[in-house]
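Two complexes come next, and they have one chain in common, subunit A, joined by subunit B in the first and subunit C in the second.
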Partner chain A sequence: MRRFKARWREWGAALVFLGPGLVLLWLFVIWPALQTLSLSLQDRTGFVGLTNFRHLFSLPAIVNPQRFLRQEPPWGALFHNLVWVFIHLPITVGLGLVLAVVYARVRRWWVGLARGALFLGIVTPMIVGGVIIRYLFEGHSGIIPQLLGTLGLGRPWSSGWMAFPETALLGLILGSIWLWTGFSMILHSAGLSAIDPELFEAAKIDGASTWAEFRYITVPLLRPVTFVVAVMTFLWELKIFDIVYVATMGGPGKASTVLALEMYLATFRSLDPYRGAAIATLITAFSLPLGYWFATRRLRR
Partner chain B sequence: MLKRLGIGLLTAVVGLLAWSAEPLVVIGPWSGAEAEPFEAVLQAFTEKTGIPVDYRVMRAEDLAAVLPAQFGAGLTPGDLIFTAWGWWVKEFAEHMVDVSGEIAGIPFTTDPLIVDGRAVGVPYVTWVKPGFWYRKSFFEAHGLTPPTTWEEFIALLEKIEAIPGIEKAAASGDGVGWPLSDMTEHFIITFGGLNMHLGLIEGTIKWESPEVRAIFENYLIPFLAHASDPIEWTAALDMWWDGKYGIYFMGNWLTGMVEDPNDLGVFTLPGCQAVVGGTDYMFIPKYSKRVDDALALLRYLVSVEGVALRVSKGGKLSMRADVGPEHYPPAEAALAQAVGALSIAPDMDDTIGGDWQLAFWDQLKLLWVKPEALDDVLRALDAAYPKKG
Partner chain C sequence: MQKKPKLSAIGAKLRKKHILAAFVAIAVGLVWLVPFLGVVMTALRPSRDVIYGWWRPPFLFTTDNLFRAWTHPTASLATGLRNSAQMAFFATILPTFIASLMAYGLARLRFPGRGPTLMTIGLLLAIPQQMVAWPVFQLLHRMGLLNTLTGLILVHSAWALPWMVFFLRGFIETLPIELEEAAVIDGAGRFRTFFFIVFPLMLPALASAMVLQFTWAWNDFFMALVLVYDPKRMVVTQQIPLLRGQYHVDWGLLSAGALLAMLPPLLVFIFLQRYFVRGLVGGAVK
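Let's turn to the complex of A and B:
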């Protein structure tokens, strides 16, 4: 009887604590996600199976393998998202790690300022970030084209980057590094502060160089943090939207479009919620395995 | 008991006052200098009726993103809303109030939007995209004159580019892309004729057809050699006005955005027989809690008094046959006279709408910086054209 009561109390407590969260999760995440999945398998006439997905992969705006890496963009939204991951992820994660280490070691007046400037990037709304990027690379007033112009580079590098298919995607990616590196730096800084200082002292006594300390102590001990940052960055890059929407609207000629923007345009411009839902499902399908693996890996630990 | 009753009464009165002071929300696409003339009309309405109005800016693109979800929930962010996208209003006609009774008998020069016998969108003043604007003082100072032949037009561009301080002869406005499409439509109407323009709208003529391609190859692309890269259109306006560029293609709302409208001159491409014209449509969502006040505002805006007041501020032309050029400021009067002999063609991208509109803008941005991509651009425009049925 006592055991039953204890068990009942345990279940009751679990229900009280988990219940509200589960209800909200069901209402605002799981149910809409299932609805989206269901919508992606329909059109105006009813159930159509995977037709919407087959149609998606026939659209050059989504995948354009004929041009990918052979000609300048457009390469299709899916490939553009992959390019984001390929360029943006290593730079932001690596830069955040290096800057966290530098800021932890250097004791100068400007460190706080530099850290603040970097932090500003992650508190800046992405929609504002898109506007900043647009003007940063604008032909007449943008600092980057002006700088490259004085170095003797011609079009498109010294013109408005967002106007040219060769530079629009690259400009968006490079411009957004500032907006995201702060996130990587902060998490790595937090991770650094958790490393026992005695490890570095012992390494110094053993005559280890700064590089050796970084290579054999900092990087391995920060690996779990780096892993979290990389996963979060990957997911951010998959669902990137606002920066692209404001700075280029995916152009010129779809040269900088991404999956989330195509989802928006399909739903709200073409008034085709079925295609929009199919793209949304595609984005989820790409992010879900990583999210699942990440969650189960964390749970195992 | 009495105390409670008193508090309840007081709360009700305060609530009622707060409700009555709640302004009517009007949403439109105009901002900054472009919005000022319209705000003056709203002000006049408030003075006349005592109904306060709160004007908020939302572009057609923003409305298209926000309204479907709002309508789905039986809500609306505005009581009277303006958009240039007639196609969009028709698509969502079931959510609009039928205003047939309010506009009966008005001699519109542009048709209202009628869906299943219900008037769901009402034209509010009109605009035209008459051609290339120039500063008279700039042309006089440099001995330039508007061209009468294509050869003269090209010679004019070359002369402008020879002037010290000029970056390119023509400024190319950008934003989401519509200024480039306006210019392209002007080339199509001039060198392909009104029928080609209408055929492209209806889908009976292909973009890849030799006659359409020839217009791009023989006229638009040679012109692009003298045009700037796309620049945000209000920034381009300032740069053109400051003398970095000699001419600027824009709609007549430009007259309300420059320091001295009397210094403005405009010319069409030589041989042009029609110009693109259009309107912004106003509609009242049926979810508005102030439908009666919104109808009162709509009635005022389309009245002779309301239209005359708006067009007198410049930047727009009348959409009523009984409000004529006598109400226009000098720049608009001259413009009305200049385009009076020309036919008015519908705006291509606003008429087709949807995916195609965005593709048109986006592909033209590409063409402007990469004219060698012409065939890809034309192919993309044909591919994006809405499928029938």
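Let's turn to the complex of A and C:
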């Protein structure tokens, strides 16, 4: 009987500890997400099944396979997001790993200062990041077109990248590498400092080259960290919004639009929440499996 | 006599390696600094001097751009910064407190449905804000909280909970349970144990959570864009696109706005770097 009572008290305590948070989560995350899911299966007349999604895949703003094959942007938001992943993911993850190793090698205060510059990208609001990226690639006053012009490259490389469909998306992706590499570096640095230094010493005594040390000790031991970074990078790329909004608004002619921006435009500019909900559900469908993997991995610990 | 040159050769080789690493480290740091430097220079120099590039002399400095951004007629940064500060402050305090309660409950209490609750919260980590934007817009409209900072604070608080709960729960599980057991033996209930034993021990983790959440709430743009549209109530990130100008981009004004908007999170990072990094690493890897 006393044990029974103690158990009830424990359950009551759980309710008090978890209650406020669960109410907030239900109101502002769980229930709205379910509503969006249900909206994505409706239109003004009611339930329509997967029609909205079928419609999405015939919209040139979302997928434009013909132009993708001809390699002339715009390719559609979905392809733009995929291209983003394809370029941005390997570069930021790999560069962050290499830089973590490089910065661990030289421990001087001025090297630490240089390392600090990489943090700027994580701390800066993404909307400011978008302004900075746009400025980098601006026609007369941007440093990159000016530099490329001096090197003898012609249009569009030496003029405003954001004004040309061939270069707008690439410019944004390169800029987002500037914003995100610091994150990858920080996590890899933390992982690196957790590796037993004796391993490196043993390798040195055995006469291992720097490359062998990197290839056979650092990379394999950091693999779990690299994997986490890759997953988080992928989630970040899927919901990229701010920098596109402020730098190009998806232009010129949709050449740099992305899924999250199309969702915003559909819902709040065209006032078509059904199409917006379908795009949002599409983004979630990409990210939720990874979220599931992430959650189970964390709970196992 | 034979060994000596060999040793120094190894030394030279090692040093050469370090010189290469130092060179790469500095070069990368400079490349990463240049875009930021461009904004700082453009914000602080007269507009007519930077039309053909902020790197060209003469280097004359002015506070004119900062002043124009601060007192802008439709997007006054003075107002935006104050709104952002208010919003980010409450959107940090509120979820940190609620998440620490939740984290303790999930780490130490045994109750039916604990596993599924944890799993659900874990899944919520991967849901993009776009997935809730429209229903939350309608909900706040019905609650009369649309276009208010209170509404924005509530939404940010809810969105902070999943990662904070995971981060704080991980931290609580590293605390020795003996302390809490001793408190219970002395007759303290769950709540006294939490507030007087566990909460003080959590302070370093709470500092990390707060530093990160402040930065994220401050930096958020999407939720504010959707939920606040009165120019007097806009947060600073919303004002940045408004500074761009209709027909041509006024880079001096825009850069000044950008500089002011990024300054608070930058200062938080510079002074609380240790907590920032610890939170980022703990939240992601653990």
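In this text, the second predicted complex is superposed on the first by the 267 of 301 C-alpha atoms of A that agree within 3 Å, B and C clash if a C-alpha of one lies under 4 Å from a C-alpha of the other, contacts with A are read in each partner's own complex, and residues count from 1 in each chain.
In the analysis below, a residue touches a chain if its C-beta (ideal position, glycine included) is under 8 Å from a C-beta of that chain, and two chains touch if they have at least 3 such contacts.
Predicted, not measured: the structure shown is a model, and the values here were computed from it.
On the superposed subunit A, the two partners subunit B and subunit C do not both fit; they clash.
In the superposition on chain A, A:His140 makes contact with both subunit B and subunit C. Contact with subunit C, but none with subunit B, is seen for A:Leu99 once the two complexes are overlaid on the shared chain.
In the superposed model, A:Phe28 lies in contact with subunit C only, and not with subunit B. By the touch criterion defined above, A:Lys239 lies against subunit C but remains apart from subunit B after alignment on the C-alpha atoms of chain A.
Legend: residue contacts after superposition of the two complexes on their common chain; A:Pro252 is shown touching subunit B, with no touch to subunit C. Between subunit B and subunit C, it is C that contacts the larger number of residues in subunit A. In the superposition on chain A, A:Pro156 contacts subunit B only, with no contact to subunit C. In the overlay built on the shared chain, the residue A:Phe268 is in contact with subunit B and with subunit C. Contacts of A:Thr210 after superposition on the shared chain: subunit C is touched, whereas subunit B is not. Only one of the stretches 97-105, 187-195, 241-249 or 259-267 belonging to subunit C has C-alpha atoms clashing with subunit B in the superposition, and it is 241-249.
Once the two complexes are overlaid on chain A, the subunit A residues touched by subunit B in the first and by subunit C in the second are 138, 140, 264, 268.
On the subunit C side of its complex with subunit A, the touching residues are 17-18, 21-22, 24-26, 28-30, 32-36, 38-39, 42, 50-55, 98-99, 101-102, 104-106, 109-112, 114-115, 117-136, 139, 154-155, 157-159, 161-162, 165-166, 170, 189-191, 194, 215, 218-219, 221-222, 225-226, 237, 240-241, 244, 249, 251, 254-255, 258, 261-262, 265-266, 268-269, 273, 277, 280-281, 284-286. Residue ranges of subunit A in contact with subunit C, taken from their complex: 9-11, 13-14, 16-18, 20-22, 24-25, 27-33, 35-36, 39, 99, 102-103, 105-106, 108, 110-111, 113-128, 131-136, 138, 140-141, 143, 146, 175, 178, 181-183, 186-187, 190-191, 210, 224-225, 228-229, 232, 235, 238-239, 241-242, 245-246, 260, 263-264, 267-268, 273, 276-277, 279-281, 283-284, 287-288, 290-292, 294-296, 298-299, 301. Within the complex, the subunit A residues that touch subunit B are 138-140, 156, 159-160, 163-165, 249-255, 264-265, 268-271. Subunit B meets subunit A in the complex at residues 64-65, 68, 91, 174, 176-177, 229-232, 235, 239, 354-355, 357-358, 361-363, 365-366, 368-370, 373, 376-377, 380.
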